C-alpha cells in the first residue's frame, strides 16, 4: 500500500521533497537516497528510519525495495537517471528541467514511447495549482471563447548572486512556457525576447525580460520575468479569449485597513505561493506511481519546455524571433 | 434659463454649496446671501457678481430675484426658513436635519402637503451616489431576493472636539438611517443602540456605537458608527436578501505593490468620497427647482430621519429598544 | 512513529476524518473503529488494513493498540467517551460540541485539570485556518489597535430538512463564538439574539439570526447566521480596532470577465472552504497526540462554547440579553 | 467671466462637448457653431440661445464674440482650423488626432512656438482621469522605483462596421501611446506591432493587436488592443518599476453575491468610463482658456502621438520594428 521511494540528489529541493513525503503526505516512504556528496547522503538517511544510501543513482534505481524514483540532482545529470528508471520500468518524478539538451530530452521521449506507458512525471507544479486548474476549466467550458493571447507575469523579489539573464528563461520563464501550453492546449512555434531598461538592482543582468512566444494556432503568449522586483513573489496570468478573459485572482489572507490605506500581504517566495500545489503534485504522483504510472507534465512536456527555453536563450542573444522546431510527437503523448 | 439662488447660512457648508453652484455646475447663479454674521455675508457676496445681502433669511426668501433657496444655517433655525420658502412657493434645498424636533418637521410636512406639490429637498446626498443607486437598482431587479437585513458602516478618522455620543446618531447615523429606508423601501418602527468598549481616542465619548433599527417589514438594519477610527473615512454597506447580497464595492484609484504588500488608498473624508454625489444632488436640484419642484429626499424623509434619530438618542440613554412612532403619511409622499 | 488512532462514530464526518488520516496526511493510522451501527463499523473497518471493530466506544478507548481517539459520534454521547479517554490518559480529538450540557463540559474540564495535562482537542477548525491566523497575528501585532468589535458572518446555501432555529446557534454560530474568543482573546459575558424578517426559503424557521455577544472587555461581537441564502457558503469576519480594521479577504481562484461583468466563484460548502484548515488541524493533532498532548481548542474552549450557545438558545427564546456565567478557569487553561 | 466658445464640427462628439459645456459645467457658453452639414448646424444652433451659425470654421474662428474654439470635425480637417485659431491668438481645444500627418502636426507646433504661448489643447482625456493621475503621482513619489515597463490594455466590446486594423493603432492605441508618455515622462523611439490569432468576431480584421513601444530610456510599453471582446469596455494599466508596480484598480460600484459567484459590472463603453475625466478635462480647458491658455496634452503631445501611430501603422504592415523619428522639441514644450 505504501509507495517506497528513492531520492537521487538531496540538496535543498530534494530534502524538501523528502520532508513532504515523510511528514506531510500519506502513502509514501523514502527508503533510499543517493547524492554526489556521500556524507550528506548518510546524514539525511540517518534521519529516515530504514533508509539505505546508494553510491550512484543507477544503483538506487536498481534497488529491489525502491518502487519509484525522484530525481532532484543537478540538471545536467537528470537524463541518465530518468533513462535508467525507464529501463527499470519504474515510475520517476524528475525535477525541471527534464534534461538540458534537446537530444537528451528526445532520448527520454523515445525510451518511454518504446516502453509503451508513461513512467515520467516532470516537476511543473503549476499544473496542480488550484488557480491554474480553475483557469483551464473556465477556458475549456468556453467561458471566454477561443483563446487568443496569454499574458503571464513571473516576479521574484530578488535573484541569487549567480543569476544570469539566460536563467530568467531556463529557470524562471520555463514555468510560464509550460503553463501556457497547458492552458492554451497548444504548441509553441517561435519565441522572441525583449530586454527593456534594466533594473539596477539586477547588478548588470538583463532584467526584466519580456518573452513573446507564438503558438501553432496563432495565439500569442507574453511572459514578463522580473526577478529583482523587491516587493515580493508575484505570479499573474490572464488568458484573453474572443469574448472575455480569465485571470488568476490575487491571493490574500486578510485585508488590513490602517494608516490611510487598505493593504494585503504579497507572498514572499514560491514555497509559500505554491505549497498547496506541491502537495497536490506529489499526492497525484504517489497515487499514479503506486499504479506504475505518472501524472501531470509528461516527458513530452519536458522535451518541449527544454526546446522552447533553448530557443529563448538563442532569441535573447540574437534579438530575433527564433523558431521552435519540435520533433514528431509519439502517439503515447497524443492529446 | 439660469436658476437664481439665495443661500441662507454661509458657514463652511454654505460656502461649499455656493462654490459648487458657481464654479462647478451649469444652470444656477447665486444672487442672494444671508447669515447671522453680517460681515461674513458681505464678504462672501462681494465675491459673487451682482449678489445681494439680506438681513434675515425671511427677507432673502421674499426677494423677487430669488427663484430658489438653500438653507445651510444652524440646524435649529432650518424649520422657519423652510416654512417661509413653502409659504412663498419657492423650491428649497435644506441641509440635514430638516428640523431638530418632530413638531417642526411635522409642520413642514403639513405646510408642503397643503401647498400640494413638493418644494423641499433634504440634503441626503447618498441617494445620488452612484454606488447606492446601483445597490437599489440591484435590489429592485430582484438580484438578491427580498431584503432581510442591511449592515451599514460609517467611519470617520476623527471626530471634532465638541463631538458628543448623541451626535453619532443625529449627525452620523442619520445618513445610514435615510439610506436604509431608501434601499429597503421601508419605514423604521424601533431602534436600539449598543455602546461597546469605547475607543480611547474618543476622549470619553461612547464610540463606536451599534444601532439596530427594526423596519416595518421585519427587516433589520445594523448601523456601526466609528468616528475616531484613524485610518480614514470609510462607508460600507451590504443588503442581505433571501438569495444573495449586494454591497458597496471598495473604491480605489490605483493598487500599489511595494514592500511586501499591495495597498490601496482609503478616502480621507466625506467631501472626497461623496464629491460626485454632491454634484449629482445639486444637478438634480437645479433641474427640478428650475421647474418649481424638488428631487431626492423629501420633507417626509426629513421628518422620518429626525423621528428615528431622536428615538435613537433616547435608546442610547435608556439602553432599551425605543419605538419610532410615525404620524400618518400625507398622500403627497405616497411611495 | 505512526500514531495509531481509534475512531468512535463513523458517520459522514467520522469517515471524512478517517479518509483524511488514511489518504491525505502522514503520520497516523486508523486501527480501530466503533459505531452504534455495527454493520457500518464492519464495512468501514474492512477497508482499513488491520483495523478492529469495537462494540463500544469505551472498549475502543481501552484497546492497547489505540494511541489516541477521535470522537465523532452523536453530540450527546461525546462526554462519556472523552471522559473515558482522559481516564485512560489518551489524547482525544472531539468533534464540536464537546458536550451538550454545561455539567458534562465541566466534568471534562475537571477531569483533565485533575489529570494535569491537556489531552482534549475540540474540533474548531477555524483556529487552523490561514486567514483567521493572519487576522489574529495582525491584531496581536497591534496593526489595528485594541479590538472593540467583531462582525462575523456565517452563511450557508441551504439548511438540512431537520434544521431548527436553535441549531443556527448551537451548530452554526458556535464556530463564530469560538473564533471571536480566539481573535479577541476575551471571554463572553452575555448574549442576545435577534430574529429579523424570515427568509421564506427557510420553511418557517427563524433565519437569518443576528447574535450580539458581549465580551468581558466590553468588546461586542455580532454574528449573522444566514443558513438558506442560496448563493453559496460564505464566511466573513472583521475586527474593528481603535485605529483600523482587519478582515478576511475574499477567497477566489480566478476572475472571469464575460457578459458585462467580472465574476468570481463563491465556495459551495464548508468542506471546500475549510479543507486546508482541516488538514492543518489534524496535522497539529497528530503531532501533538504523538507526544501525548493536544493542540488548538481546549476542553475549556469546548466548555465556554457550550455555555455561550446554551445562553444563546435561551436568548433566542426570551428575546432578552442573557448572561453567560462561566465557572472558574483551572490553571491548566491559563492564557 | 463666462468663456464664449465656438464649436467646429458638431457630429456626435461635437454635440457631446456642447452638451457638457451647456448643461453640465459652469463657466462657458457656446455662441457659435459650424459644420460641413449646414442643416445640422442650424438645428443645433437653434437649441442654443443666441448662438450663430458660421459657413466655415475659419469664419467661426474669426468671429469677434468667440473667445475660444473647439475643433471636433473630421480628423483630416483639424490642422487648418487649429492653425487659424493660433493665427487669431485664440485658445483651441482639438479632438485627437491633432492632425493626420506629421507635416501638419509640425506646422502647428511651429506656429504655436512662434506665437510663444500655448493655445492648443489636444483631447487626450486620460490625462485628467483620477486613476491615471494617481498612477503618475505614485511614480513621481518613487513608490515603485524607476519605471521599466508599462503594460496597457485597451478593450472595446465591439468595433464599428468600418473599422480597419490600422484604426486599432490610430484611434485606439493612440490613447495608450499618449498616456505611456505621460506616465513614463519619456519619448518613444520605435514601435513594433504583433497580430496574434484573430478574433472571429472581428470579421477579418486583425484583432487583437499587441504593440511594443520602446522609449528613449529603454523602458518598454506593451499595448494590447482588443476591440471586439464582447464583455465590455475595459482599460487596464500597470507600470513596473524597479521595486514595485502601480496599476489601475478595477472600478466597481457594487458587488453582487448570487448564484454561486460574486460579480461586478464592467463598463459598457468609454463615455461612462471616462465621463468624469471628460468633465475634468473641459473644466481645466475652460479655466485655462479663460486666461488665454491651455491645459493637458499640448501640440507637441499631439505631434508625437501622430508620429508614433503612423510608425505603428507602418510596423503593422512591415512586421518589423519601425523607428519613431521625432523632430527637435521647441523650448515652449520643455518638460
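Some observations on this one:
Each chain carries a letter (A, B, C and D) given by its place in the written order, and its residues are counted from 1.
Going forward, a contact is a pair of C-beta atoms (placed from the backbone, for glycine too) under 8 Å apart; a residue touches a chain by one contact, two chains touch by 3 or more.
In this text, all values refer to a predicted model and were calculated from it rather than measured experimentally.
Remark: among chain pairs A-B and A-C, A-C carries the greater number of C-beta contacts. Where chain C touches chain D, over half of the residue numbers in use are shared by the two copies, so each contributes mostly the same positions. The greatest centre-to-centre distance from chain A, using averaged C-alpha positions, is reached by B. Annotation: 44 Å between the Cα-based centres of chain A and chain D. With centres taken as mean Cα positions, chain B sits 58 Å from chain A.
Rounded to whole angstrom, the centroid-to-centroid distance between chain A and chain C, based on C-alpha atoms, equals 38 Å.
Among the residues of chain A, those in touch with two or more other chains are 230-231, 243-245, 250, 257-259, 264-265.
Remark: chain A residues 230-232, 234, 250, 257-266, 268 touch chain B in the complex. The part of chain C that touches chain A in the complex is made up of residues 1, 21-27, 49, 130-131, 134-135, 138, 143-144, 243-250, 252-259, 264-265, 276, 283. The touching residues of chain C, counted against chain B in their complex, run 145-146, 148-149, 151, 194, 196-201, 208, 210, 212, 214-215, 217-220, 222, 224, 226, 228-231, 240, 242-245.
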